[in-house]
Amino acid sequence: MDTTRTLLKKLSRRNEPYIFLVLLALCLLIEFRSGQFFSSNNLVDIASALIVPGLFAIGTFLVIISGGIDVSFPALASLSMYATTKYLLDINYQGGVWAAILMALVIGALLGAFNGLFIGYFKLPALIVTLGSSSVFKGIMQGALNSKQLTIIPSGMRNWGTSAIFTARNPVSGLTSRMPVAFIAFVIVLLFVFFILKYTMFGRGIYAIGGSEVSAHRAGFNVVRTKVVMYIMVGMIASLAGVIRACMMQQAHPTNMLGMEMNIIAGVVLGGTAITGGRGTLLGCMLGTLLIVIVENSMILLGIPTSYRSVFTGAMIIIGTGISAYQVMHMNKTHSKRTKSKEAA
Amino acid sequence: AGQAEKKTGYEIVVVPKDASNPWFVRMKVGVDEYAKETGLNVYQRGTAQIDATLQAQLVQDLIAQGVDAICVVPVDLESLEPVLGQARDAGIVVIAHEGADLENVDYDIEAFSNAGYGAFIMDNLAEAMGGEGLYTTMVASLTNGSHNEWANAGVAHQKATYPKMKLLEQEPRVESNDNGDVAYNVAKELFKKYPNLKGVMGTSSYDAPGVARAIQELGLVDKAFTSGTGMPLDNAELLESGVVKSLTLWDPALAGKAMISLAVKVLDGEEITEPVDLGVEGYTNMMFRKGSSTVLEGEGWIVINADNVYDFGF
Amino acid sequence: MSESLLETVGIYKSFVGVQALKNVSFSMQPGEIHCLAGENGSGKSTLIKVISGVYTPDAGHIEFQGKQYKKISPIDAINNGIQVIYQDFSVFPNLTVMENLAFNNELAEGRRLVNWKRMKSIAEEALSKINVSIDLDAYVGTLSVAEKQMIAISRALMQDARLIIMDEPTTALTKKEVTNLFEIITQLKAQGIATLFVSHKLNEVFEISERFTILRSGEVVASGATSDLDDRKFSFYMTGREFEKRNFKAENVSKNPIFRAEKAGLSNHFSDISFSLRQGEIIGITGLLDSGRTELALSMFGVRPIDKGTFFVDEKPVSIRSPRDAINYDIGYVPEDRLSEGLFLSQSIADNIVISKIDQLTKKAGVLDKEQRSKEVARWVENLAIATPDANNASQTLSGGNQQRIVLAKWLACNPRILVMNGPTVGVDIGSKHDIHGILHDLAKNGIGIIIFSDDLPEVIENCSRILVMKNGTIVTELSPENTDEKMILSYML
Amino acid sequence: MYRNDRHLWRLVLMIVLWLLFMAITRFSKFYSMINFQTMAAQFPEFGIMSLGVMLCMITGGIDLSVVGTANLTSILMGFLLLRLTDAAGGLPAFAIPLVFLLAILIGGSLGLFNGLLVSKFHIPPILATMGSGELFTGICLAMTNGNAVSKFSRTYAKTINNRLFDLIPVQLIIFIVMAALIWFLISKTVFGTKIYMLGTNENVAKFSGLNIDSLYLKTYMLSGICAALGGMIMLANYNSARADYGTVYTLQCVLIVVLGGVNPSGGRGRISGVVLAIILLRLLETGLNRFPRISSYYISLIWGGVLILVMVMNYFTEHKKVVFQEPTHPTLQKETTE
């Protein structure tokens, strides 16, 4: 009895259940329209399509939880991905992918530190800084490195990008889909960040800062360091995503990640992360992102005419965020009721 | 001699759609070569992103700068038309490429007719598909002028010459947003939803490679096919692995040179009469398009396939 | 003096334009209970923030057990056994009670990893220290003010503190909770833990503190043993003036009520509330924090509209669904928490004063009439003696008392006929408090009906012509100040 | 107040420095009537949009749907102009006033839609407007199937591309009128004071009896109208309308507004700053186009650089104040969501 009540209480606080239902409804709709959704290879396709947005979402989630916002990660990822690939090509590197990943992580850390310095140390609004830094990153990439599409990438990256954990075969259509090894990287990062957030003081510090920066400072959290380190982490995660994308696409394109930021943020917020910071769960964030990814990659399965796609995505975002916004309001109300009645009792 | 010094005075700018697309990077190679050879003040200047408004503003800036000639590859005809009008009013020579329907130009150079090119891509696809089966068309975006022209031409050509082929009418045209990854995912979806889809006619240089990746992964090699535009070295592997039988293109570098040398001719006040010889391979004997006094068409395009992919050196 | 627990020597601290602390030196012995008093803006909070390492002093230094510090970080302070309970409690609204209770401890012990089990036990232990029970999984943002403070206090007790600093700890506490708090403080003393606390309430100062220090505009004006101090002296030190007590007498009260509630109710909060307010009256509604009095106040102002019963203005039934409705019926509301409900902190004092009546300060087509505006501002700055060099300064640069006057001015400017005051002098020093009460009396005399919601019993008794006591969401009795005292009211409240 | 002035002066300084630099390096190519006229005709289209974004940001919101609004409006008006175009390719006299009137109406109602999402449904502005932007663009695509709307009478474009006394571009005049109007609104009227207050603290605004919903509605409506006018200018400059014109303007507007000194969390900012930022960015871009050898990509590097630089300058002059905006009383947490 009591346990069930606390469980319900906990659930009523979450909005994962709600997103999950929306997600389910959407999947069923697609299945119904195409009969393909739940086919083994389609699921694998979705999974591999989730990798890059998923990684971006994790980073964005961290930033939003800490009470900030980051619009620079696509530029950041592009820059470190491009610099890495170009360099490895120039020295005509023949080894495995690890060098690429390592190098990207290092560059990512530097660029992340750049954001972190201005947001954490100078205490400038995150939106301003990341707007600025994304222009700067773009400028460095396209100006200094005068980037162009690299259709040939180091063999190590290429092989890794095409190697599969397993290959799903659709018995009916005979179509096969690869589950990229990169998916493991995604899962590792996900678990890593979950652990950080739930089982380290650094992680709880991010929540704390998002809740009240002043209180965090007084409680003895090192606010500046926490922020800087967090933005470094975010930079590294984004760069990883960038490299993975290059590997999977078999080419390094400098600009075609740009503009992803808004959909990613939308996904994270759809997942019930409060844009004001401090609140939200990684699970919800992933569900929200998955929702966006599925929508983007099922337009044809849904049979939505090309010229109506944007209408659909737009409506999707508005309705989705509308629901979770309403959900949060509702949550707060029920909350205050609960405690008040408790006092009265 | 007198000619020469007159020439060196000219400032001629080539304005591509944007600058990170390998296509125009290649064009820049041609332009710079030309500058070296002739010592003319010729350079290429592209906008940071492919965007109609940005391109228009860049051209406006150039007008204000009072350059002698502008050679432009329009992102979007309609938005550029009035700006080019301003240019000509300012007495600037305007040469376009891939802009056959522009009015405010001195001349427009086409490596070939868009219709012809579309039809030709279709021929390649048909050949690969063995002249039968279900196909659809892919463009960068519905807002892209020439791509849609090619696609339309391709479809028309198919209706006329390949009765056994059929356009997928649920999805007659899909978008790749000039993004290989999108092309790849869209193609995957297409083949999933329409199991008997057999071919995708690509237009942008990102389409065919992206679709090819999907074909490869889905295990449809030799069951499904694609064709389209592409640069040789970039696609060498695809061609050799046989996923894509052939790609088509014309050499942007040459197109760039051709535009400039035509601009120079006009500036020198030479009169332009058929056959026009721009002294650039493939543009040595250009004819006016039927019924047009501005559109000059060169002959032909290049087909690249596994055999000749390395012969071009770019 | 090396045996003294804490000593500040010649501390100076200034903010843009304000010299908040001038050459402040004072010391505390282990286990002593010390009261820091002073008018609003005299520098109490600033001093506390300096001691706890939040602000770095411009000059002077601090000693813990004789160890000198020029510059300390919050962590240094904590490691030296200094624990501060700030006016805002410094809690994390988005985190669970458990985390709020356990964090400081974990941080102080320099833990890198979180062990939820240990956190839970820490949290339980913490709450047990002051024997209160709060749901450990509740998110703190959803708790009542008192609960938040309990968390802040028990959290502070967790670290083996030698000195606990409380900035106006009792402002938001009910009588019961205050007694509870004082018991705790005496316990602490027994364990040799010293307490430094800020208060504006005389009775508390005398009830609990052994020594006192009084600041006036940033300087120490008096310091010594509370025993040789009485409230007249005390208030004189603080304000440099004398006060004579004056109880409010309602005069020329209108015969029919200007406002009346009939069986008003709001589910979960209060029910069956009936009372009436006449012009010229000041009625006080008191009760414990959870008695529903705050909600009743909010309902009268349309923030939480009633769902049962009716309100009447001039005996006409009215539906008040939003503050705008309330304002249209000439109801003004001075909120309980001026910082989150009353003031635009970063905006100018002037804008804060005129904002609610700004629509009347227009020429035509909504064009602001600058003269009228500045006239209005000047008028209120003068009438309420708001201490500011320039009404265009941000209101956050003022201290509590003056901020409260701004909020008051905002509503008086709309010349309301009914004034709902939810804790009119929370955190306001005796000087200002005295003045504000004076203002209220005059307003009443000029025919405004005033309702004071407060649990500051002396305030209620002094300033009200009738006192309604609420308990568990209903009015349990009506008393007249002449023949009641605090004890009696309390007996009804509890 | 004074703090913003600091910021203004920095922008002025930047502009002067850049003008000097151009004078030294490229005088003849930069300092020509035609060049300044060109610039003056170029920035109004996104300048006006930025003004709208500014208003929203003052209330603590943002408007990412300006470009969508602009295109939807210009496409609809494009269609209308097509209808009105007579055989001779001319337009009836009432046509231009009519389209502008309708444009304002359309822009207003699209903005109203945003306002509703923000005020009534409490969707965070950044997402609400991003979604609606996508939606509007989608409607454009659905209507035009991606094709451009053009071939309508040139009279429209000619009228707007005209120069008053052969000197001042009409676009510039539209911009100036709009800027003046908004300046008047936010610095001289009650509405202005109210949105600054709303941006500072919504909850207090509620307790002060401000009609929050209607304030949001009005603000986003204004932003919609600005965007619509921007669209109308684009319609003239490019003599056509299409779903993807000006897509780069979305972020550019936000950049301009924050560079102009508007605080993204609301309650602070001045139109003068934003106007200066608009001019600065245009000068930078045009100026850079005078250097054939310098890749146009450096423009974004410079933009970002300037933005961060200015902000850091502000930090160093203003940081002396307080470590954090100290709340000094219970319940002052962003929890106060009602």
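Note that the chains are named A, B, C and D in the order they appear, and that numbering of residues resets to 1 at the start of each chain.
Rule of thumb we're sticking to: a contact is a pair of C-beta atoms (placed from the backbone, for glycine too) under 8 Å apart; a residue touches a chain by one contact, two chains touch by 3 or more.
In this text, all values refer to a predicted model and were calculated from it rather than measured experimentally.
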Chains most often in contact, by C-beta pairs: A-D
Distance-maximising chain from chain B - centres being C-alpha averages: C
Centre-to-centre distance between chain B and chain A (centres being mean Cα positions), rounded to whole Å: 36
Separation of chain A from chain D, taking each centre as the mean of its C-alpha atoms, in whole Å: 30
Centroid distance [mean C-alpha coordinates] between chain C and chain A, Å: 43
Contacts with two or more other chains, residues of chain C listed in rising order: 54, 86, 88, 91, 93-94, 141
Multi-chain contact sites of chain B, meaning residues that touch two or more partners: 19, 48-49, 142
Touching two or more other chains - residues of chain D: 141, 145-146, 295, 297, 299-300, 323, 325-327, 333-334, 338
Which pairs of chains touch, using the document's own definition: A-B, A-C, A-D, B-D, C-D
Chain A-touching residues of chain C, taken from the complex the two chains share: 52, 54, 74-75, 78, 84, 86, 88, 90-95, 99, 103-104, 106-108, 111-114, 135, 137-139, 141-144, 147, 268-269, 289-290, 292, 472-473
Chain C partner contacts - residues on chain A that touch it in the complex: 6, 9-10, 13, 198-204, 207-208, 210-212, 214-221, 274, 277-279, 332, 335-344
Residue ranges of chain B touching chain A (in the complex, touch as defined): 19-22, 25, 48-49, 142, 170-171, 173-175, 177-181, 184-186, 188-193, 195, 209, 213, 217-220, 231, 233-235
In the complex with chain C, residue positions of chain D that touch it: 1, 188-194, 196-197, 200-201, 203-211, 267-268, 320-323, 325-336, 338
Chain A-facing residues of chain D, complex: 64, 117, 121-124, 126-128, 130-139, 141-142, 145-146, 251, 254-255, 258, 263-265, 295, 297-305, 307-308, 311-312, 315, 319, 323-327, 333-334, 337-338
